[in-house]
Structure formats: structure tokens, C-alpha cells
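In what comes next, chain A is part of two complexes: it sits with chain B in the first one and with chain C in the second one.
Our next item is the complex of A and B:
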């Protein structure tokens, strides 16, 4: 089990890195990677939200959306034999968006109250996570990978948590790497036409290719 | 039918639960904000130049509210704004004098260079190699970092390559003062019109070698001044702004053309 979790973690951080291999969450990857400090803040906020979202969406999918004998609606109105009429997995996207939006709002409130310093450091990046496709991506992929025909695989809840956490770490890794490179780019001798975003795109492509080297690691 | 109902209940139920959760959460985690904070922030210039020493205008407003900072801390805001802020905080403001930044070097293109510099184009970098690129130890390096950092575009370059401050646009935030590696820029009272535009403390002989417009400490201006506002110190003439009456007599006698009217 531990080995399996470790493989999931390494897989999602390096091999299937959300930014560099799956190309999710590219907006903050370019937008918030100008300096290291804010990149790190943004990354940590994403780690937190992704882990929480993974946990909550697993519960919602398992008990409300999937056509399993545990489905709450099936238990209430079903005939006790065939749960297939209670397949609400088509509501997955809208339900998960709700979860993520509410979660980010709640996290923002808690941080405002408990740690104003952290709130000031994160600033606008916190609300930005609401619409970050990487967060929705990780919850949807959790369901795709760890549920078979609506029925969860063994230990899928903890696996979802690890994948969510790992995806956040992978996102942070990509963001921090990019920010460190871009901080140096500011002082480098670059053709004027390529300054700023153009050179950042070239670097992003190079980094993505570099991460291809992890293919086949697991 | 039950399937449709269940779908409706799922989404609306989730919405309801999250909505209630957030409503309760906002009560539990409510942070009381002083209404004056918003008002102070509105009064501040919204330029986020950082001249006050805080991280932007909203941070400055917080500092003002917590009485960490004086009402007149924002060097950019007008005196009226300072008064309004003081009023809002229930404080009394002392009268202040309008000031402007001034650059004390007129070397320009005529001043000799020590070597050909091809490095990073900032004054800080150019100042670090071999005692600085300008042959005068005190003179302007002419990479115009002051112009680049000025948030109000108040610094221009004249036809002789000298950076000059437009007193109309300058709001004496002091950013250029902090960025000049040779301390050539000072904040002076706006009422002073005549000034000695050199910072060289080198001996007269050295100054003549490297610059056509450097102070050689001949003392002519000191003798000419009717109000004894000019003094010589460390081979450099300086004007005392409190005594100066802007008569301009020193301008005519200076053999090096350093003294000028703004």
C-alpha cells in the first residue's frame, strides 16, 4: 500500500506533472511566476485546496453521484436491487466546481481570520484558484483513475488524497522552477523582441520537454 | 422521475449546504474592519510607489490607522490630503514646506570616463567596477537609474546628458535619492531657485582634470553672497537654503558655470 501511494505521488509530481505534462493550470504558471516568493505562496495555496477538494469530491461522488449500492438516493428511493438508474456522474463537473468554489471561499475566510500575514502574502492568488482548471482536473482524474464503473478501488480515498497532494506539489515545483528561471532571465541578455512573455513560453516548452525525460520512470 | 428529482436535489442540496456553510463560516471567521481604513485608502494616491516605506498604499493606510505612521508619511500626497488624513484620524498636522528632488552634478557628456563600460546598464552596476565608470569620483554615471525609477516621469535628460528634475512633476518621494549610488540627489525646499550643481569633494586640481563643470572651491561665490548663505566645506561650496534670497549674484561670478537658476 505504502509503495503504491509512493508511486502515485512520484507519478503525479514528475511523470504526469499537471503543468508540464498535462498542461493544466497554465494561467498561473505564466502569470504568477514572476518572482519566487509569490510563486511559492500560490503553490502552497494550491496544494491545500487540491488536497481538500480531492477529499470532499470523493465523498460526494461516492455517496451522491455514483451508481453504487451506497448511493444515498438509491437507499432512499431505489428498489434495493439495481442501483444503475441512479447514475448521476453526468453532474460531476458542476458539483465539483461548486465544491472547489465553496472550499476556496472558506479557506480565504479562515486565513483572513487566523493569519492576516499569510492572507496578505497570498493576496489575489487565493480567489484565482477557484477558476484554476488544475484543481478541477485533479478531482476529475481522481474519479477516472480510482473508480471503476462507479465502484471505488481498494483504498481509493487515501489514494485520491495522495494524488491531490502530489498534484499540488507538482504544480508548486513547476511554478517555483519557472519563477527561479524567470528571475534570472530579468538580468540576462535577451533580444528585446523576446523579453517578458515570449521567452517565458520558450522556457515553458523546454521545461516540458525536459520533464518528458521522466516518462517510463514508473 | 425519481432520477430527475434526485439530480435536482443533489445540486440544489449541495448549493444549499455550501451556501449555509459559507454563511456560518463568515460569521465565525468575521474580521471587523475599521471603516476609516477604506476612507484613508481612498485619500492616498493609489500609486503604490513605496516611497513611504510600506508595501503599497493599502499597507500604508493600515499603518496610518494603527498609528504606526504619521499622517504626513506619504511624500506624494498633497498637503491637503495630509490634512484630511489627519482630520480622519483625529490628529493635528504641523505645517509643512513643499520640497523637490535636485540633482547635484552637471558633468554630462563633457565629463571624462575612466574606461569603456559594456556591463549591465544601471548606475549601481556601473559604480562597482574600478571605482565607477565616471572619471570624477563624485559625478553622475549617466545610466539614468533615477529616471527609470521615477514613478512620476519627473526626471528628464537635458541636451548635455544630465538628468534634470522637473520641479512641477516631482513629488519628492525620494525613490531617486535612494537609487543614486553616488548620492547626487537630495530633497531640497522648492522655494530655493539658485543652487550649486556639483558634488565633488576632490581637490581643485583633480576636478579640473576630469570635468569642465566641477567645483574647485575657489570661494568666489562665498565672497560675493550678500547674505552669507554660501559656505565652503570639503572643497565644495554649499548653499544654506534658509539664508539664500535667490538673488543670483553667485551665478555671475562662478568661473566654472556650476551655479544656476532652476
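Our next item is the complex of A and C:
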């Protein structure tokens, strides 16, 4: 079990890094990677939201949406009916995005109270975690990978948590690496046309190539 | 009205100028077919979410407008998901995760917030259509470049026989490289044009 979890973690941090291999969360990756401090803050906020979202969406999918005998609606009103009559899995996208929006609101309130400096640094990107596709992406992937026809595979709750946490760490890793490179880049002599976003993408290409080297790891 | 349509395609192209909607752009542009499919799906959602948001703009309280917009968008995305699953299972399989992720495409929420919530329904629909076409166009450009250079095909047809293409172009690094160089090219063209208009001597930048 531990080995399995470790493989999931390494897989999602290095081999299938959310940013560099799956193209999830590119807007903050290009937008907030100008300095190291806000990159780290953003990364930690995303780790928290992703882990929480993985846990909450697992519960919601298992008890409310999946067409199984554990479905709460089935338990309440399903006398003598097949559980598949209570298949609400098509509401997955809507339900998950609402959960994430609520979680982000929570994180925003906590950060505003505890660290106004971090709040100012993260600026508009904090509410934008809601539309960070990496967060919705990891919750949808969790369901795709760890559920089969509505039934969870063995240990799927823990695996979802690890995958959510790992995806956040992978995102933070890519973001922090990028921010440190870009801090040095400010002093470099770059052709004027490539300044800003273009050079950031070219660096991302090189980093992504480096991460391709992890492919054989698992 | 026509200007509302064309601005989304050229001066304010969502991908190349505003840098929005990058995730699906890079992930899906491995081939022209995928690019057009994704573009069409996003355009559909964009047009209808703009319409509904614009119709509801006086009813929705300011404080909870973003969640409301997200629910509207998610509804249309679910519709697209179900239609793709039923009628185009191949396309659905190759777009994979990025179909539900249309919900969090920043172009759609961005247009709902910046345009549809302040304008009449008809103009909003035109704006959505323009932005959608601009997005599709950008995807198609990237898809064409990457498919030709990465798998030596166009729309699945082989181009040059006995030629082994640069695999890296359809892998993730190729996507980043292509969009980086394209953005650089556009910046170069823009600065050339500005220089040509203001000071023909073309000194400095």
C-alpha cells in the first residue's frame, strides 16, 4: 500500500507533472511566476485547495452521485428500484466546480485574516484558483482513475488524497522553478520581441523536456 | 456589430493577445482534428453562456455573480459532454479530461464577466461567436504546425513518404516551444508595424 501510494505521488509530481506534462494550470504558471515569494504562496494555496477538494469530491461522488447501493438518494427513496436509477454522475462537473469555488472562498478568508501581505502578493490570482484547471482536473482524474463504474477501487480515498496533494506539490515545484529562472532572466539580454511571455514559454519547453527524462521512473 | 465579431479574431485574439485559455490550447493542439473539435465545443459553450448571462444580467445580485456564471457555464459544458459521449466517442476520447475542463476555460468566464454581464443579448452572442472563432483559429494554427512537424500528417493524411518527423513537437515540449516562438513572432510583427508607422528610421524599441 505504502509503495503504491509512493508511486502515485512520484508519478504525479515528476512523471506526469500537472503543468509540464499535462498542461494544467498554465495561466497562474505564466502569470504568477515573476517572483519567488508569490510563486511559493500561490503554490501552497493550491496544494491546500487540491488536497481538500480531492477529499470532498470523493465523498460527494461516492455518496451523492455514483449509481451504487451507497448512494444516499437510493437509501432514502430507492425501495425496490435498481440503484442505476439514481445515476447522477453527469452532474459531476457542476458539483465539483461548486465545491472548489466554496473551498477557494474559505482559503481566501483565512489568508486575508492571517497574512495580509500574502493576500496582497497573490492579488487577483487567489480567486482565480477557482478557474485553475489543475484543481478541477485533479478531482476529475481522481474519479476517472480510482472509480470503476461508480464503485471505488481498494484504498481509493487515500489514493485520491495522495494524488491531490502530489499534484499540488508538482504544481508548486514547476512554479517555483520557473519563478527562480525568471528572476535571473530579468538581467539577461533577450531579444525584445521575446521578452515576457514568449521567453517564459520557451523556458517551459526546456523544463518540460527535462521532465520527460523522468518518464521511465515508474 | 461586425467589429464586435472581428475583434475577437484579431486585435483581441483570446489566445495570442490576451493569453487566456492556454491549457486546452496547448494540450489539444497535437492534431488539426482535435483542435477544431475543441474549438467548436468551446465556441458553443461561449455563445450560449454569453446569451444566458446577458439575459440574466439584471437579475443576478452582484455579490454572487461569479458562482452564478460558473453554474451557467457548467450546464452547457455538461450538455457538450453528453453530446460528445453519445455521438462522437472518438473525439471525446482524444480530448479526454479537457472536455469537462471547458468549465474553467478562462476565456468563457472572462467574457461572461467582462462583456456579457454589461451588454445586450444580441451583442453578447456576437462577441461570444467572435471570441470562439478566434480561439478555434489559434488552436488550428498551433494544431497545423504541430501535426505537420510532429507526425508528418495533416488531418490524418501522410504528407511526405518515408520521412521521420520530429516526435518532440507532439510531446509537451513542442507545444510550449511552438506557442513561445509564435508569440515572439507576433510581438516582432507588432513592433515592426508600430515602428513603421511612427518613426521610419526604426531606432530603439
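Just so it is clear, the second predicted complex is superposed on the first by the 204 of 218 C-alpha atoms of A that agree within 3 Å, B and C clash if a C-alpha of one lies under 4 Å from a C-alpha of the other, contacts with A are read in each partner's own complex, and residues count from 1 in each chain.
Criterion: a residue touches a chain if its C-beta (ideal position, glycine included) is under 8 Å from a C-beta of that chain, and two chains touch if they have at least 3 such contacts.
As the structure is a computational prediction, the values presented were derived from the model and not from experiment.
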Mind telling me which of the two, chain B or chain C, contacts the most residues of chain A? C
Touching partner for A:94 - first (chain B), second (chain C), both, neither: both
Contacts of A:73 with chain B and chain C, given as first, second, both or neither: first
Is A:201 touching the first partner chain B, the second partner chain C, both, or neither of them? second
So, does A:182 touch the first partner chain B, the second partner chain C, both, or neither? neither
Figure out whether A:192 sits in contact with chain B (first) or chain C (second), or with both, or with neither. second
Applying the document's definition of touch, where does A:25 land relative to chain B and chain C: first, second, both, or neither? second
Chain B and chain C footprints on chain A, overlapping residues: 91, 94, 98, 101
Contacting residues of chain B [partner chain A, same complex]: 2-3, 6-7, 9-11, 14-15, 18, 21-22, 25-26, 28-31, 59, 120
Which residues, counting only chain C, touch chain A once they are in their complex? 19-20, 22-24, 26-27, 66-67, 70-71, 74-75, 77-78, 81-82, 97, 100-101, 103-106, 109, 168, 171-177, 179-181, 183-185, 187-188, 191, 205
Residue ranges of chain A touching chain B (in the complex, touch as defined): 60, 64-65, 73, 77, 85-86, 88, 91, 94-95, 98-99, 101-102, 105-106, 109-110, 112-114, 116, 120, 187
Given the complex, residues on chain A that touch chain C span 20-27, 30, 90-94, 97-98, 101, 127-128, 130-133, 135-137, 140-141, 144, 191-195, 197-202, 204-206, 208-209, 212
